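Per-chain numbering from 1; labels A, B and C assigned in written order.
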């Protein structure tokens, strides 16, 4: 998330009651997760294991729970007891949860020729392009951007919160939600089936690329980036932080684990489970996925075990 | 889709700006996909590979991109440069997308004793029989027909568009939607769980047979015909153009590939993936599905490999 | 289900037109399924195979289709021709289906700080605690109880009917619905993703324990009891009557069969299918689930078959 305008180090320090060290002059332009930080961003870290990674990332500002680190030139640290709570405080300040009694927010921008059907919910800061159809009972939550010529079938949810929890277990309720302040961008000519769910980015963007088509009940996790002209059949589920390159086809009920990459034009057969990155331009099958031809041959080999057994054990 | 009344060859020729040849006198009664064409129907074909199939199908009228074919007696061809675009033009004429601000269309017919709960969307040309319950946040889209004693649980979508695209890739947006002009018929005593999606036929009907019961989050693809007294457990997904005969049981998370037939009273165990037609009256398991007893034995054989290895490789 | 107040044996006998035998003096406090009956409850049984089980269960009152049984001391039988129909009659009396035109029932109790977003349906006898967020297009059906600090993402359905049918096939419509009169309890700090479905108990409760987090499109069957601090990833489906103990993690697309128990802190890897109970504190994988390390080794063994074949068959 970028802030509406850069804020001073002092302002952040006051908000989260932090001690500061390093460069105190630069403006803080936004807050992001470590995977997607950019220059000017704030990031938080609360475990020594990740101190160096965060300090040496693209982030310019680091919320941290120690003073005993070397601060890279031009960077700033904010020292607090609980960096996660500071993250939550900043997100709540810039993206407070806004209740509303209006099914369609007054500030929605809808392009010419677009149709919003009944029983649709549209939150704040939503933009819808030209010649779109948003079918009944769809929910477009805050900060969703829809391109031109997009169709969203009935009952679909876009912009739900990330499934992302702080798992420190030193409390009664083990899992504490990392509040989502990211968004969803649906590009031109995308079509999304009925009953789909697309989570917003935790701090960044979940994107569905131009011309991609989703069948019904497809789930797309937070911060996942789907390329152009992909086809996902019914009940595909993709976890968070995944990169799906252009032209990828996932057949029905395929599951994709988090933070991996699927190469361009890969085809993954139905019900496969993808645990790690796949090269493009190949056909895959199975759980865990393998080259489909290898997997098919494996099924033949399994059928030959009785013959082996007879020969060996006779 | 049948037209409201038969139209003349000349009228169609004018609409899609086609040259005609063959019998010019008969009335065109509807338009259909090649899989479901009937006498009197229009069909379109744009690839030489399928010319003969289309010309010799039950269709009486063929939109085609060549004159160089032999026209069967009594049939008519419409010659255009892009038959797919002509199909879209005809569908848009007879089934234009209709936006509305009314959650429940004025023309809905609801039988005695039926209850429509709040937040339900009901499109145009929808009929609901007697003693039904349509739970909250359900979407019944245009041309849906619901029989008597039907229950539809909350959040379910009936009549969403087919996931069916023209995949000619000579353009920026690879996949161009084949507009759906079909419908959904839900027969008497059917019960449909929460969060289900049932797509309308592309040009014909998606049907759920009498007494069939669907658990939550079941997906039924376009033009699929489900028989009587079937049971589908949660998260079953059936692709388009499938025939499920009477009395079939599909347990949870089963996936069914397109245009196949599952024989009467077949039982398919949970998480199975069905790639091709299955005979009735048997129990199946696995991906790809096999006779369940064979699949179970296979798991035992796999567990014996180490013993074989020890014997052979010692 | 407990009745609002205990009713007399005579009153029940009149309602279902039963002959009675045994203790005629005690008050009937509720009606329940055999799996969850308590002292004071009515239960029904219509098959000789289960007569003894029902008569000797915790139920105090038994609706049965024979007089020829020994009635345990202090218990009462109600003799009718069709006990299942008597069950339906009693449920319809105490929990009649109530149609309404109100999206939010007048009797809902909402705690301080809780937000109900637009297009939400809330049925009768629903309680929502403090500091909750109920996102748009959610359906909370009759008798649902939500604790404090609960978040329910858009499009989710809570309290849909059980997928539970009487399968006596001596009629045209094979499956006759066992009407649900149970409820759903969502405890404090639970978060439920978008597009989830949680069925009410048939006669008892479906419960999601404190601090448990559900990702999108998770299905929870009737009468399932989920413990505290569990994590279920997207598209998990759990059938009815399951016990999930505290701290269990189910990764994406896991399927769980009915009436089994998953022990505390078990972890089940993505796409696994659980056919029977699992001990706690272990990691599982596969369909059917096994210890994950055994399953992983099995995949290695399968890859060695060609080597075995070469050695043996050369």
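Keep in mind that, in the parts below, a residue touches a chain if its C-beta (ideal position, glycine included) is under 8 Å from a C-beta of that chain, and two chains touch if they have at least 3 such contacts.
Owing to the predicted nature of the structure, the values given are computational and were not obtained by experimental measurement.
S.K.: Using the contact definition from the top, classify how the chains connect: line, ring, star, complete or other.
M.R.: complete
S.K.: Chain A and chain B are the same sequence; what rotation (0 to 180°, nearest 5) superposes their CA atoms?
M.R.: 120
S.K.: Report, in whole Å, the distance between the mean C-alpha point of chain A and the mean C-alpha point of chain C.
M.R.: The mean C-alpha positions of chain A and chain C differ by 32 Å.
S.K.: If a residue has to touch 2 or more other chains to count, which residues of chain A qualify?
M.R.: Expected reply: 119, 137, 155, 195, 217, 235, 253, 271, 302, 305, 308, 312.
S.K.: Applying the document's contact rule, which stretches of chain C touch chain B when the two form their complex?
M.R.: 97, 99-103, 119, 121, 123, 137-139, 141, 155-157, 160-161, 163, 165, 172-175, 177, 195-197, 199, 217, 219, 221, 235, 237, 239, 253, 255, 257, 271, 273, 275, 287-288, 298, 301-302, 304-305, 308, 311-312
S.K.: Would you pull the chain B residues touching chain C in the complex into a rising list?
M.R.: 115, 117-119, 133, 135-137, 151, 153-155, 188-189, 191, 193-195, 210-211, 213, 215-217, 229, 231, 233-235, 247, 252-253, 270-271, 299, 302-303, 305-306, 308-309, 312-313
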